[in-house]
Amino acid sequence: MSTYVLIHGAWHTGKELVPVAELIAAAGHKSFTPTIKGNRPADPRSIGLAEAIESIVDYLALNDLNDLILVGHSYGGMIITGVADRLPDRIRRLVYWNAFVPNDGESLNDMLPAQYVELFESIAVQRGDGSVVLPFPIWREAFINDADLETAQRAFRALNPHPIKTLRDKISLKANPIEMPFAKSYVNCTEDISLPHHHPWHPRLSQKLGLFRLVQIPGSHELCFSNPTRLAQAIMDAGRD
Amino acid sequence: MSTYVLIHGAWHTGKELVPVAELIAAAGHKSFTPTIKGNRPADPRSIGLAEAIESIVDYLALNDLNDLILVGHSYGGMIITGVADRLPDRIRRLVYWNAFVPNDGESLNDMLPAQYVELFESIAVQRGDGSVVLPFPIWREAFINDADLETAQRAFRALNPHPIKTLRDKISLKANPIEMPFAKSYVNCTEDISLPHHHPWHPRLSQKLGLFRLVQIPGSHELCFSNPTRLAQAIMDAGRD
Amino acid sequence: MSTYVLIHGAWHTGKELVPVAELIAAAGHKSFTPTIKGNRPADPRSIGLAEAIESIVDYLALNDLNDLILVGHSYGGMIITGVADRLPDRIRRLVYWNAFVPNDGESLNDMLPAQYVELFESIAVQRGDGSVVLPFPIWREAFINDADLETAQRAFRALNPHPIKTLRDKISLKANPIEMPFAKSYVNCTEDISLPHHHPWHPRLSQKLGLFRLVQIPGSHELCFSNPTRLAQAIMDAGRD
């Protein structure tokens, strides 16, 4: 039996990962789905990356979670990297699921193509409250391309405005992921086109892990909605010893 | 219920797509499989690209087809792009299935590796009637690599000599695909090696669509013969809203 | 009915391919799994590439095997290339399964990234008997990433120290694979990360075959342990006419 902590991506909360966590629990593991500070309904959207990481550091300490398989999706890759750097003794393995892999001093924006950075900044200016949202056509075609329209719409309604400062802030790490002393895996969904082909998730970001285990499955960036069963299995294949 | 119009590739006719169209119809949609001018038995093989496109423009007008999901395979990508440019009000979504995506002024040959252009031109010189055929070993190994020999031979016998002028002619468009105001999808068969790896279908050609939905499935360039069921599902996954 | 000869990779023997060969036999074919000289228990680990190739040349002649589908895995690609160059009249088709494809004058090391060459040389220095072994963490994460830990450990125990001279020796060929007059196929497991992404198996090595048939399946470099059934089917899809 292992302990899985699933860290959601931008615009999401832990709640959207509950179906995946329940499948992992049904296979005999413990599983947890905290929501990062900045994505909870009452949080101010002025939150930055350090506070966001700190909120998960606190969650693990408060719940005294150890020997963890810490899983990060997309933006969640920033969070699990920062948490692992702070609490290395609590980690058994890191699992990046179509997730950003930062080195010390990098921001999420540093790993985005310029077109996305510009789009998000212009949306944030329009909104004026420190948050950014995704336009539905991009969500539909490039984030959840493997689902039917009803699923795409329902999932879109579950999204929350994301604090843009967490995308701009550079992470501060004592060690880069390649130097971290525990095992690492990368789960890559092969139809994930949320990042364009010239800036892919894998191998561009996965290679920053050094020796890592690759698990690939069909699916879009939002497999948590389109096929939680396939995703849960992939996370367990990535997370096992 | 949607309306699908399936446009075949070089050397094919609409007849070879009937099994796919029937599966789409069985799922509750209308489906049509016209044959492009130049590929019908009685057509002269001197036909050029503009006439080929015009024949499908006429077909859509004659049958008063609207709100279409217009699907193009391979060379058929040239045709659907030209048709959509002429009849934008009849289109709901373009679906490119391992298809060429031309910008204004480009020919199919412009998107082929030089080795294929030279091969096709030399075959056309030998034939002397304006048409080109595929050598069986290339068909067997690189076009229909996922089928058994009997299927490969049967499908090969269904092919017709293709008017080479349609490969040479540059397309004339008022707008490039990226500027066209309707949704676009790209269906990519992951074992399609009919174009060599340094000139792949996806992402080299798909990226010319700008924002597009990717659907990927296992299969060769000729999945219409080797697995029509899988192909029909992929086309519907690509074509839905 | 065809005749399949399966040539194992480095650190393996023919014995580990018996489950695959049995599945091929159950489908109505003849199948053979010789062990290359240098990998048998009693062989000296000073064996070089020419002797290794010679041992399979002798095996085919001794058993009078003809009209062969000769399949090579990984290092086995060096062997089948050398054997086909020596005995072209006995070959019907070559099948490379995540295998090295050498041209005349190339060594396996010439196709490895420098990091692996250095690692293997340093391990060989430590061992001092002319052989190299794989460290378990690399085996677990990058060679057999799709299996559970028990399978990974059991398979690891079956490995034998590999003669490093066979990796260093340059092959001597009368013709490069692209010039060889029989059909060729490449089986590519899509999660094979035993070679890093900037030195992939396919298309980097497969393209050296010229016209070839691609068969792709999910799986790691060691699909013979993690899913012999899927591998046997892929080999037969690659090997049929």
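Letters A, B and C mark the chains as written, and numbering starts fresh at 1 in each.
One rule holds in what follows: contacts are C-beta pairs under 8 Å (C-beta built on N, C-alpha and C of every residue); 3 or more make two chains touch, one makes a residue touch a chain.
It should be emphasised that the depicted structure is a prediction, and the values quoted were computed from it without experimental measurement.
K.L.:
Which rotation angle, from 0 to 180°, best lines up the CA atoms of chain B with chain C, given as a multiple of 5?
P.N.:
That pair's rotation angle lands at 120 degrees.
K.L.:
Interface overlap for chain A and chain B, more than half of numbers shared or less than half: same or different?
P.N.:
Answer different: the two copies use largely distinct residue numbers here.
K.L.:
Using mean C-alpha positions as chain centres, tell me how far chain A is from chain B in Å, no decimals.
P.N.:
Result: the chain centres lie 38 Å from each other.
K.L.:
Identify all positions of chain A at which a residue touches two or more other chains, and write them in rising order.
P.N.:
190 - these are the residues of chain A that touch more than one other chain.
K.L.:
Which chain C residues qualify as touching chain B in the complex?
P.N.:
Contact set of chain C toward chain B: 183, 185, 202-203, 206-207, 211-216, 237, 240-241.
K.L.:
Give every residue of chain C touching chain A within the complex, in rising order.
P.N.:
Touching chain A: residues 137-138, 140-142, 145-146, 148-149, 190-191, 193, 196-198, 218 of chain C.
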